[in-house]
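Have a look at the structure below, then the notes.
By written order: A, B, C, D, E and F. Residues from 1 in each chain.
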Amino acid sequence: MNDEQKRRVACHELGHALVAVFSPKADPLRKVSIIPHGNAALGYTLQLPADDQFLLSRTELLTRIRGMLGGRAAEEVECGEVSTGAQNDLEHATALARQMVCVFGMSDKVGLANCAQRPPDLLAGLEYPLQRDCSEQTARDVDEEVKKILDQAYA
Amino acid sequence: MNDEQKRRVACHELGHALVAVFSPKADPLRKVSIIPHGNAALGYTLQLPADDQFLLSRTELLTRIRGMLGGRAAEEVECGEVSTGAQNDLEHATALARQMVCVFGMSDKVGLANCAQRPPDLLAGLEYPLQRDCSEQTARDVDEEVKKILDQAYA
Amino acid sequence: MNDEQKRRVACHELGHALVAVFSPKADPLRKVSIIPHGNAALGYTLQLPADDQFLLSRTELLTRIRGMLGGRAAEEVECGEVSTGAQNDLEHATALARQMVCVFGMSDKVGLANCAQRPPDLLAGLEYPLQRDCSEQTARDVDEEVKKILDQAYA
Amino acid sequence: MNDEQKRRVACHELGHALVAVFSPKADPLRKVSIIPHGNAALGYTLQLPADDQFLLSRTELLTRIRGMLGGRAAEEVECGEVSTGAQNDLEHATALARQMVCVFGMSDKVGLANCAQRPPDLLAGLEYPLQRDCSEQTARDVDEEVKKILDQAYA
Amino acid sequence: MNDEQKRRVACHELGHALVAVFSPKADPLRKVSIIPHGNAALGYTLQLPADDQFLLSRTELLTRIRGMLGGRAAEEVECGEVSTGAQNDLEHATALARQMVCVFGMSDKVGLANCAQRPPDLLAGLEYPLQRDCSEQTARDVDEEVKKILDQAYA
Amino acid sequence: MNDEQKRRVACHELGHALVAVFSPKADPLRKVSIIPHGNAALGYTLQLPADDQFLLSRTELLTRIRGMLGGRAAEEVECGEVSTGAQNDLEHATALARQMVCVFGMSDKVGLANCAQRPPDLLAGLEYPLQRDCSEQTARDVDEEVKKILDQAYA
């Protein structure tokens, strides 16, 4: 890994760490590493909750999303442009925002209805593909709400 | 589980219990627990019908939905914001509201037509995925009616 | 089963029976029962055709649909609101109305074209899911026509 | 089978036969039967081409469709309303009209493009569901053209 | 095969041959046959390229499509109407036009993006159905462009 | 392979090479060949990065796309029209542009949300087809953004 890439990784992890330190509800920061570990991770930022977490409030969920996006924000500010390094962060942040909208009922527009994809109740055999049981209109609302949550968290 | 989480669980179960006590048609309340039971339940509210229930009227169905949403409402009022704890309640309330619209013919807009997903009649083998046999327009009507039932029950 | 539920079952079956008796083209009424039989049926209304029926005219089909909806109508009038007891009736009435529109060519709007879901002709192996071979626009027309048939039968 | 049903079957088969006799391009009529044969057929009208047919012109295809719809037309005129007896005729007429539009390029609106459902060329294994490879807009055009062909043939 | 059908086959193959002879970029014509070969072919027109063809320019592709449609054009002009005989030609011409739009980037409207159906890259096992990875809007653009290519080639 | 085709292959590979040489961020050019290698490749242009690449910035991704499209551009300029030779380049360039929009969050219009097709998290067995978990509206936005990236890279 050349120097430019090492600098980018350092910026990225620092971004995660800064959000963790300055967010009142964030899980405490334990360790930051920019030494590559095998093929999977070029670096990592480790946060561990003080207690076991059985429930997460809306604020705690948004704090987690903000933390995930901190690495990309740091790259944009420090390196002038974003890179492929935020792929995993974006995937996890999207999944969490989608859960907020689809299974936790935390979007006014979509409402309380569970609209996640799931196997049908009666025939939950492994052979069945998941069914999208909502309409295209609801799917569009979900996409808009997910985009809004991520945009606000990144702002 | 720290104190804040315990308080939230207590609020949540109390919300279920209050709806059960004050709804004329609700099944009688038997037990409320806020002691975690294994991984699945942080607490529970047990209601058992006085007799075996073979039929449920429209009012009884709405009362059940209101009871399911009582936990989330109590969290919102007492803890200031909602949490991930209502996930199961929302899933069950959505499923019940969807049945009212799709298989019990209880929505004027969607009408009497059964529009649930089901395996085709002639070839009900296990290998077949369920078919959505209604149009996108009907799916949108169903989503709107389900949202309306839940919003009214939560109000 | 408590008294309220028994009364509802009696109303429901009586509704079926009344339509059967007063419709000129209905199959003759043989037996009405409101004694529960196992888990499946809380009561039943038995109609048997005078002869074997190989063909059903449009009028005979509509009479059958009206008979199926008679139970729900009686519940609504006598008990003040509908219940979950009409689920099977609605499923069968929907299927029959859908056949009128999709395979018997009995809707002017949809026309003569067969638009039912069916396995493809050449490869009718059991492994194939049924194909919806019509457009979303046609699916919407079908839904509207099915709703109209049921609404008119219920009126 | 009661007399009313026998009369209806006779009308239906006579309708097929009349179209066969009076259409210049129709295959010659060989036999008409209104005696039920097993469970499948209540009657039949047999037409056999004078020679082997390797190619069918547009006119010959339309003549076949008209013949298929003759039974239903006769029921409507003679018995006052249509019945379930035309189900097979409608299915075959729809399939033929659909082929005219989708694989024989005989609709100006849809044009010459093949838009039939078919398994992908490279992976034509039996495990694959057929793919609809056209857009919803094209599917709607196909449905409209099929409806027009059938309406004109029935007029 | 009666005389009318023989004449139609002759017209059809002659149509292919004429396009082959008069198109500057067409592969040289080797043989024309109107003697049926088994069940599959009533006649054929054989064109073989002068050299092995590893690349085909846009002009060469359009010439091939024009040749495929020559048989149908000749039937329309000489026999007064088209027949089922052009089915294979239309299927191949459609497939080629679709490739021009979807994988060779030869349509300005659709642009350079590959929008063909294909199995996902990572999980290319045989059990997976092909995925349509473009939107309905793009599918509509593809259909319009394919129709335009065929219409212009037939004009 | 005749001379015209050889000239076309030479143009195509030269196009790739020219972009590689004149782009500041492009991977260094190692070898250009226009000698066919088996059935798969008529020629190739080999670029190897100076260091192992663990991360790619937005600029580096766009440079790669521009390099992939260089072959087609050269054919268009030098040979007067494009050919089938750019098929692989277009497929790879599309895939890269699609990743930029769907998994790297590099499109303002689509935003940060991951919208790639992927197997559901919980049931990642091999039997499941990938699910498109975004709405048609988002799919359309993705297509437009992918087209824009390719058009700008080709300009």
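The working rule: a contact is a pair of C-beta atoms (placed from the backbone, for glycine too) under 8 Å apart; a residue touches a chain by one contact, two chains touch by 3 or more.
Here the structure is a predicted model, which means the values were calculated and not measured.
Q: Centre to centre, by mean C-alpha position, how many angstrom separate subunit C and subunit E?
A: Each chain reduced to its C-alpha mean, subunit C and subunit E end up 48 Å apart.
Q: I'd like the Å distance between the centres of subunit C and subunit D, where a centre is the mean of that chain's Cα atoms.
A: Those two chain centres are 28 Å apart.
Q: Going through subunit E residue by residue, note those that touch at least 2 other chains and give them in order.
A: 127, 129, 136
Q: So how do the chains connect up here, line, ring, star, complete, or something else (other)?
A: The chain contacts form a single closed ring, each chain touching exactly two others.
Q: From subunit B, heading first to subunit C, what order do the chains fall in as you go round?
A: B, C, D, E, F, A
Q: Contact residues on subunit B for subunit A in the complex?
A: 1-2, 5, 8-9, 36, 42, 69, 72, 79, 81-87, 90-91, 93-95, 97-98, 117, 119, 126-127, 129-130, 132, 136, 139-140, 142-143, 146-147, 150-151, 154
Q: Show which residues of subunit A lie in contact with subunit B when the two form their complex.
A: That would be residues 50-59, 61, 103-106, 110-115, 120-121, 123, 125, 127-129, 131, 133-138 of subunit A.
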